[in-house]
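Two complexes are shown next, each including chain A; its partner changes from chain B in the first to chain C in the second.
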Partner chain A sequence: MPVSEQNTQLPLVETTPKRRFARLLTFKDALRLPIIIWQALFFIAPLIFMVAMSFFIVRNYRMTEAFEMKNWLKMMSRDYFWDSYGLTIGLATLATLVVMTVAFPAAYTLAFRVSENTRRWAVFLLIIPFFTSYLVRIFSWYVILAESGVINAMLGYIGLGPYIMLNTQFGTIVGYMTLTLPLVIILQTLSLANIDWSLVEAAHNLGCRPWRTVFCIVLPLARTGLIIAAVFCFILSFGDFVSPYYLGGSKPPTLPILIVDTVKSGQQWPRAAVVAVVMMVTLFIVAFGGIAAAYRRRVR
Partner chain B sequence: MADALVEFDSVVKKFGDFTAVERMNFTIDEGEFVAIMGPSGCGKTTTLRMLAGLEEPSEGEVRMQGRVMNAVPAHERDTPLVWQSLALFPFLNARENVEFGLQMRGVDAAARRKKALDWLDRLEIGEFAERNISSLSGGQKQRVALARSLVTEPRILLLDEPLSALDANLVIRMQSMLTRLQRELGITFVYVTHSQSEAFAMADRVVIMSRGRIAQIGAPKDIYRAPDNRFVAEFVGRNNIISGKIKSSSGKSVLINGSLGDFKVSLGGRAKPSPGDEGSFVIAADLVHLSSKKPRAGNQIECSLISEEFIGSVVTLFLEAKDGSEFKVQIQERELADMDLKHMGKVFVSWDPERAHYIGAD
Partner chain C sequence: MKSKGTILTQKPSRRTVLVYGGATMLSTPFISRAWAAPVEINMLAWYGHGEPDIVSEFEAANNVKFKPKYYAGGDNMLGLIAQSPPGTYDVILSDGEFVQQLNAAGYIEELSAADYPFDDMLYSDFQKFPGHWKDGKLYSMMVRFGHLGVSYNKNAISAEEAMSYSCFWKPEVKGKVGHFDWHLPSLGMISLYDGNGAGLWDLSGSQWQKVQNTTLSLRPQVGGYFDYGGTFNSLKNGEMQAMCGIGDWITGVLEKDGAPVGSVVPKEGGIQWTESYCIGKGSEKADIVKEFIQYMLSPAGQVKSAKMAAYPGFAITKSGRAKLIDVDRKEAERTGQIDGMANDPITLVKEGRIHYRNIPVQQSLEDWNDFWSEYKNA
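Moving on, here comes the complex of A and B:
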């Protein structure tokens, strides 16, 4: 915990340990205490436990405390693990690209082409999907995507199909989009709406065609918000269990499915912990990389 | 007459029910420095934006070199604008900002870099070429914005209150730089401002706007000494406006009867009004003579001194006439010191009828 600056700069008063403790618990610190305790109890401690657990071993279907590299060596040497890892990253990246691309025209319209009142309503309506359970929304896709579902029925009228969409990676992407699209549109809209429109007009004024302005002016100005939207989209998709399981058919499994499978088959909690740690590290890298890119300044 | 570069032909601009510009007709000549001046909301910025293609006229035509420009989009015009907010791109450095217009025109990297650096040098900020916009001072940003607009060598430059964010000293320096640039380049400047001192200091011709209409167009001196109407007289300079009924008219002058007595006013070139009509005249605060003794004859008003505004060598005195109306007088501080006036003391103002300026009824 930081000792207040005054203490470090002006050591005029002799600080006994007792006094220092009293200084540490000022009112301001007391306000911070609940969040620190919360984080320590429910975030840092479980995280440490999870990392520790990845070194435990399972004997006769019972987990035993230990410190062995067995789980790590086993998981890291298995092709199915790396296949899963590649698939999960691939699907999450694809979903992020698709969602960012689909969301952008909508966000652009909401930010620049409609009145402020319409924008407020639109953002409100985009929040509504979050009122219903994600699982319910995923199941509703069954009706639409199934072999005898709405889409195939319509395609049948014009003599196409039926296409298999459930239990495919297409289904997984649809599920990821259900989860992330409203949030990404909201985040993109807010970051675009903050753009000073006179900069866009200035670009037109200097001979920049409208389409080019989007890439030359709008994207660089909205960079921070857009990158954060993409990072959110990736994190949510990467860690999602429901979509790849129910719409993607879980074969081949993504990492969240692999965790569930590993736990179910032979109580392999420690090996599941290995997968979870790898996922955490991946997301940390993506989040830090993304935020660094979002807030990068040109230093001169 | 020089070629008309820009023509506004019965131009109207409406935003919903609000009419921002109402039947505007005027021309701007090649190489002219025109200032469009008026209070906020008078339509001056809308006029400039129509020139830049950022607004489309609702009616009428805007022509440039004879070509109708109404539907020509902004990016196809060569009408760079210097924005009030400067609108410099924060993700580009000074040089890249200046290069932007050239880049959009497909100039290759080496050529546009050279041109941009030349312009930054010309505006005396070459040493800041690679600096971030956020690390530049107000005056430096101003110069980057100017360089960015001028680098494509346009025939016309539009300026929307570009000096309003600068402090007074810097404004004077930028004014002389702008007039020098305009003379050297020989291009047309259209300068929108609400500041009389900026407009009068730089422009060849000033367009005064009020509520979407042109109130007067003329050289700064003409507008200052011969306002066309009450709005211009009140907006420009320090003028006293006296209204009344026309008592008689004879040849080149009229006699106006107001609540403070009869005043003889020269008509200038104006049409002769008939007796009984309403009429007003303007007498500028600096053309009034002040005395503590009653003058023998001529236009005069007895007043008492209310307050004074001292801004250096010139002092503005605020007087009150018998009917309660305010009267402003500007005299040299040195002169005032000799007069020894007292607060609420009685003074007489008088003026030469030739100096009063008849403005009709409005």
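Moving on, here comes the complex of A and C:
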């Protein structure tokens, strides 16, 4: 083809599938850019700084750059750190089990037993608690859980109680549920609502009993969403400071409380960073484990 | 052709007058606001000191505006200052025992003793309060104080029982003894209970071990560890019936609200918290801060301090006490701030029943804090 002819066809070349694909790729990259920048600035960079800070030292209440292992050795050698670690994992696991169990019947009902309109309203009502401050919601439990509070007053009418609920691990779990239950119900509802209902009907038609249908059909089909909900519940509970401090009485302290204690006394940010790094590693393991389980292909 | 000339040489038309007149009127509020913009004073203090009940009168009279940054605990304060550039804080309210550390680190300015009413002090010790002077130079001015002891619910613990720290171990209050979540006052009280008296902060290895053992023996009784809000709430709703590490600075607010709580200095002795003002190093507003400190030491300032909404304190000047008796005798009586009363805080200090709060002498703050974390996890 003559050169002059090639030149006249240049504008047409731009619209060939290859070029169009290249342009689309650039456009997609541009769309990805904000999240990449955001994560780099506000997640990766602080994370790197936090890890580096765990090797710094504090002199006269002032953090000094260094590379020393003493913070790690100090925290790892303290029984109270491991006690707090075990307690935090235990409470977060318990909260996840309780919340997932309590949320499931509600989510099942919203997904399968109510109209589309009712479900929409229910999800909206579940979002409403997030309009108020979490701290305010936690403080409102004082009125309900106190020895002279609403629950004990009601139990008193039938000759029961009073029971101590505030400043106990029960109080902490109630706080964790306040934080996570609405979110978990929403996630479970969305995940259950996406199940192909004809599969459930097929199971029924083939004589499968209701409970078996739930365990053999519904749960496996909604597995991904349910595991993601559980992971969210664990992550939020594991890192929560407010509930164990205000409803659990910091007795004994969880890791987030230990971070605050460490900073409050002596401004030991590097030691707090050690605790935070351990928490991050734990959450990474839980999150990646959860995701792997959620998207694992079923092998028969 | 008509010459245009300038606005000054030209005869102004009606339109010109209206335009310039209107512009001037509209801009007047901005000019006056800029003219009267208050000077901002950065304050570092415990909660309450920068609130309107304390500073609004001074702000209005001097066209200043306080910008408070609140902390809880002396080492928290030191940390905040250490991480801020010099001159960040114009006025610093410090716990008395931390003033020497502020001074050693060069965070505060020297004060002129002639500026303050030392002759009016209720007790001679307050004139030369430990750590406030160095080499004959004044660095901090004490403005208020309070006492820590046994804080209790009067329906659960009798006044007689409250006269000893042993009431914390009373079986009836198992699970209902709370701690203010700061190691220094709580461990200081246990040290007093262990019989260390005036040497409560200067503990040998064996004494420190004994204090740790005694503290650990209290653990089964403990219902929780609380910040200011939590302490306040748990005493108010009856969840906690005895509280270790606090005093009238919290129960006083509740008592005035009608809650059946109170604080006493037990027979083993009590601890004094002391609050002192310093001028931040490098502050460009040292003059107005000096006036503020003078104001807080004036009779009117002392009454405000004694009745502070966040937490009450005792007056430290004679004229302040006289004014308090004059304007609110009931509060003066409640807190024993009348000469001759058995619980007069000055009398308690003179009798040696009160010990100034200090930092550990033979151990580090880190040792005490480490043990505190261990105790909370026990």
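We take it that the second predicted complex is superposed on the first by the 263 of 300 C-alpha atoms of A that agree within 3 Å, B and C clash if a C-alpha of one lies under 4 Å from a C-alpha of the other, contacts with A are read in each partner's own complex, and residues count from 1 in each chain.
The criterion applied here is as follows: a residue touches a chain if its C-beta (ideal position, glycine included) is under 8 Å from a C-beta of that chain, and two chains touch if they have at least 3 such contacts.
Bear in mind that the values here come from a model prediction, so they are computed numbers and not experimental data.
Trainee: Who does A:296 touch here: chain B (first), chain C (second), both, or neither?
Mentor: neither
Trainee: With both complexes overlaid on chain A, does A:120 touch chain B (first), chain C (second), both or neither?
Mentor: Touch status of A:120: no partner.
Trainee: After superposing on the shared chain, does chain C or chain B touch more chain A residues?
Mentor: C
Trainee: I'd like to know which partner A:210 touches here: chain B for first, chain C for second, both or neither.
Mentor: It touches chain B, and chain C stays clear.
Trainee: Pick one for A:32: touches chain B only (first), chain C only (second), both, or neither.
Mentor: Neither partner.
Trainee: Answer with first, second, both or neither: which of chain B and chain C does A:253 touch in the superposed model?
Mentor: Only chain C is touched by A:253; chain B is not.
Trainee: Using the touch definition from the top, say if A:264 reaches chain B (first), chain C (second), both or neither.
Mentor: second
Trainee: Once the two structures are superposed, pull the chain A residues common to the chain B and chain C interfaces.
Mentor: No residue sits in both footprints.
Trainee: How about chain B: which of its residues touch chain A in the complex?
Mentor: Residues 52-54, 73-76, 78-81, 83, 85, 87, 89-91, 93, 100-101, 104-105, 130-132, 135, 148-149, 152.
Trainee: Any idea which chain A residues touch chain C in the complex?
Mentor: Where chain A meets chain C, its residues are 60-63, 78-80, 83-84, 139, 142, 146-149, 164, 166-167, 245-246, 248-253, 258, 261-267.
Trainee: Would you tell me which residues of chain C are touching chain A in their complex?
Mentor: Residue list for chain C touching chain A: 72-73, 75-76, 78-79, 81-83, 105, 175, 178, 181, 183, 222-227, 230, 233-234, 237-239, 365-366, 369-370, 372-374, 376-378.
Trainee: In the complex formed with chain B, which residues of chain A make contact?
Mentor: Those residues of chain A that touch chain B are 196, 198-199, 201-210, 212, 217, 220-221, 223, 298, 300.
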